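Each chain carries a letter (A, B, C and D) given by its place in the written order, and its residues are counted from 1.
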Amino acid sequence: MSFQRNRLTDSLLAELITEAQELLGQGQVANYIPALAQVNPQQIGIAVCFNDGEVVAAGDAQQPFSIQSISKLFTLVQAINLYQDELWQGIGREPSGQRFNSMVQLETDRGVPRNPFINAGALAICDRLAARQSAPTFQLIESLRKLAANPQIHCNQRVARSELAHGARNAAMAYLMKAFDNFANPVDTVLSNYCHHCAIEMSCIDLSRATSFLANKGRALDGTHILSPDQTTRVNALMATCGLYDASGEFAYEVGLPGKSGVGGGIIAIYPGHFSVCVWSPELNPVGNSLIGTWLLESLTERLGISIY
Amino acid sequence: MSFQRNRLTDSLLAELITEAQELLGQGQVANYIPALAQVNPQQIGIAVCFNDGEVVAAGDAQQPFSIQSISKLFTLVQAINLYQDELWQGIGREPSGQRFNSMVQLETDRGVPRNPFINAGALAICDRLAARQSAPTFQLIESLRKLAANPQIHCNQRVARSELAHGARNAAMAYLMKAFDNFANPVDTVLSNYCHHCAIEMSCIDLSRATSFLANKGRALDGTHILSPDQTTRVNALMATCGLYDASGEFAYEVGLPGKSGVGGGIIAIYPGHFSVCVWSPELNPVGNSLIGTWLLESLTERLGISIY
Amino acid sequence: MSFQRNRLTDSLLAELITEAQELLGQGQVANYIPALAQVNPQQIGIAVCFNDGEVVAAGDAQQPFSIQSISKLFTLVQAINLYQDELWQGIGREPSGQRFNSMVQLETDRGVPRNPFINAGALAICDRLAARQSAPTFQLIESLRKLAANPQIHCNQRVARSELAHGARNAAMAYLMKAFDNFANPVDTVLSNYCHHCAIEMSCIDLSRATSFLANKGRALDGTHILSPDQTTRVNALMATCGLYDASGEFAYEVGLPGKSGVGGGIIAIYPGHFSVCVWSPELNPVGNSLIGTWLLESLTERLGISIY
Amino acid sequence: MSFQRNRLTDSLLAELITEAQELLGQGQVANYIPALAQVNPQQIGIAVCFNDGEVVAAGDAQQPFSIQSISKLFTLVQAINLYQDELWQGIGREPSGQRFNSMVQLETDRGVPRNPFINAGALAICDRLAARQSAPTFQLIESLRKLAANPQIHCNQRVARSELAHGARNAAMAYLMKAFDNFANPVDTVLSNYCHHCAIEMSCIDLSRATSFLANKGRALDGTHILSPDQTTRVNALMATCGLYDASGEFAYEVGLPGKSGVGGGIIAIYPGHFSVCVWSPELNPVGNSLIGTWLLESLTERLGISIY
């Protein structure tokens, strides 16, 4: 388990990206909204942020992309801060065993989403935030700018609108939770917040820095305590069992780190005590995770022998 | 993440057991077969086996009990040795999001069990073993005796017969897999093996020793290499996402270690690089895991600050 | 099969109602919206309308009540007139085998409701009507007034509003159909129409007259041809297999006539070639059909020996 | 509703068969067991048996074929005679809304099959028969020989064995019912009976005669009372809502008669008070019902205007 940090260099990352390029064309860019479908698929980025703040990176690591469901991680953290354990009334902590937007389980479980990382769960989180935040999207962006030390981070309004215009299934989930008295605020408002969160754009470097506190017992790069050490391991545990939708088991098996993916093609992963990492490439595998991103993380952890298990 | 081994002593474990006794009576002993229902519920045991072979223990740590589904871990390891990656044709690696004996998912997934730790998956594993082992139960017991360095380990025939007599649902699952061409051997034979595996009896000390290789990169206490380091992390990853049935997420959240439970009231857990641990107490929580066993592991990892996440 | 019309008299109906009163208190008034929960449960009505226009009735047969899902029958007839066979693109004709408001099947069947009598199907019908009618509720009420020859028929706005305020599950279904491109109009508009249809109030006499065309090859009491003979048998066939939600099989078995129920406690049934009948009593059985209404129809058809089967 | 019997002649039936020949090749012969797959697909038969015993027929009406699931109708009738209303403890009377061999619903409904015409329900019926009949298959054949007045009726042993060899899914259903204490006899025995019942061979003429009692208030052609008039309408009601698997609604809509189909390509239907009819052609539609058989019944009832609805 002795991690050799000196082996994790810009040139190792560049090497991985060169190999990864052979996989271009094997996946498919998310096309459920037009705004996402237009992204150039031939981009690959990776950035590692060590707990001392040093960043190593390669490829398109500075190119902002749509963080999509990775936002679910940050809204969860905000909700934990606002609600502590009370948050888990009405939101589960189990893997779902279903597609990320399945309604079957939501009905079976009487409106209680399985975990905060499937769509229904993240909508429930946004519902909770809407009750206690005056301007949720603004507050989320502010916090991400601070975590990543990048004041340029912003929400792509065109993507947010496109997302909202194709949000019928998310609306269905929100209304189903409302039918079970597990959704307090107006669906329209919460859905709009949710879509704006997904449409935030950040680069691999931004995301590796912004998630650094999860590798460092809750302590952000600027020294702020975002979560307690206990809360941190628990958020990581949730990512480990639920972070990659219905491929979370496979990700634990092949990569061996807690992680969270988004359909924009980004995946963040945490090596507790050492570093956070973000990979990005827009083409997705059939489950909806970045095909090349997954491969990059598998290769990285295999070469360094750093599965947490 | 600095683990202070000297804090993990017999007296710490004894202290935990004293506290745990207040929880006696809150759970319910497994009663689906008469033979299991007769166990004295007021027993609590815990044993930790460090990678150097030292064992610390407390309570009823020497009392043999029915290992039940913990056997699924050992048959998986045997099957990995016999089949390597080929094993995963027809057996998944994802949490199920359903009860351990659900048929719904098995039908939806066209006869492919979600993972090797739910009943259907373990039956599929036993089917594979039946194809290549001449005497599966005998071979399993032999291997457990060696791993635990205890020649007394045996199968309780009365429990095995009782199990078999109440095995209609397992038979249903096996036949459904057969209907999807994912089960090669006679159902009766495989079911009998499966029930005999579940009826093996071991103590906390036995189990902590027998699972030591999972904390030590695949190396057993006698120096034998049971699995490669890579295979070891992967088995641990499977336990982390699927080892506690439909409470695997909760276990990762609260305990933070890979583990595997059985309805006999035992749970084993692994702290990679350091130790394996087995707890036992027959009363179960509603999900089917030992109520006090779960509490013991939560308390242990909380006090020592040793979540892997 | 020789139907003896002279046995079907006011006094037979009065006798049935007297017997039925012993069942009062065994069911439960619909309470999912406050406005419905306030109805006096001790009411029982029955009215039979022969094909020549004669009406025999007893009990509270003149008391208007909320027709609720019986409206689904009338909107279906309107939609058949507007769309003919094209209507069945996107709406099935099979019993659902699920609760009337289940989302599971709607997701499995990719947004195509099983039949026009479950909520999702009726919402889809309202969606189709919204595309071709300028004022659906007004037009429905107009048509019901003509069919029943009663200009007093109206919609209870308080019930409609209450229904709309508790319509989250219906909204969820509508949005899920929209997500599958099987719902064209704004959900709010269609939902409002749907709730107003359900809130229309009619008496047993009104409903027996309004459904007379279904017993008379499509010909209404005023001689208008509402449906062709073929269309009529098909609407009746749909009622026979799907009209009583997840108790349609039982209703065919015990009553033996095509029928349609509503949670307001009304049930209409058709004896083709002879008469239409409406029963009403607010207390429901666990499946959501009028407990006494069902008993009245069972007793009526048993005494007269008039199952269509 | 005035049925003109004189229009229903051999030549009308012959005409329908000529037209039907154009549909040959559009369906697919059942191929789940080799023995059935070998049948010549180019065969079409139809036979009508009036309540007075007169038979009109055309095409291959004298050719015996595998009755398959039509046997479920006859075993149901036997079970009703042996158990009366007690039969319905543990067997439902509702359409399933699922494939005929689905396990999902069986698990959800805790081992109670939805109705006696899906496989699970018919297996439960065979289980009940096994408890009270000494030689179920022999007794069934005896009864069919009498009903059809044909001593040649027999079971095709080769088909029965082939059926049994591919019966894993049926075994799964039987064991699942056993797991819910809704199956008393040994699965092997009952399954063997069930497969032998399915493998009985009868012609269209045989089947139209054997089901005549269902059109005649329970009175068989030889005057025997097989069922009471009430029981008869109820069996017909069950066929009307559940007789054609997951196409029962469609069949009611298009044909308008109670019916029961088998994967051998036969379908029987009942016009209560007048006649029973059997059609046969081996090619099936995607739901598993005879494609040409369905078309023949649709055409027949459309031309004669004889929907019961």
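In this section, contacts are C-beta pairs under 8 Å (C-beta built on N, C-alpha and C of every residue); 3 or more make two chains touch, one makes a residue touch a chain.
Remember, predicted model here, so these are calculated numbers, not experimental data.
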Whole-Å gap separating chain B and chain C, where each centre is the average of the chain's CA atoms: 55
Chain centre separation in whole Å, for chain D relative to chain B (CA means): 48
Chain A and chain B, separation of their C-alpha mean positions in angstrom: 32
Multi-partner residues of chain C (at least 2 other chains): none
Chain-level touch network, classified as line, ring, star, complete or other: ring
Chain pairs in mutual contact under the definition given at the outset: A-B, A-C, B-D, C-D
Chain C-touching residues of chain A, taken from the complex the two chains share: 102-104, 106-108, 168-169, 171-176, 178-179, 187
Contact footprint of chain B on chain A as seen in their complex: 1, 92-98, 105, 114-115, 229-230, 232-234, 236-238, 240-242, 246-250, 252-253, 256, 258, 272-273, 302, 305, 307-309
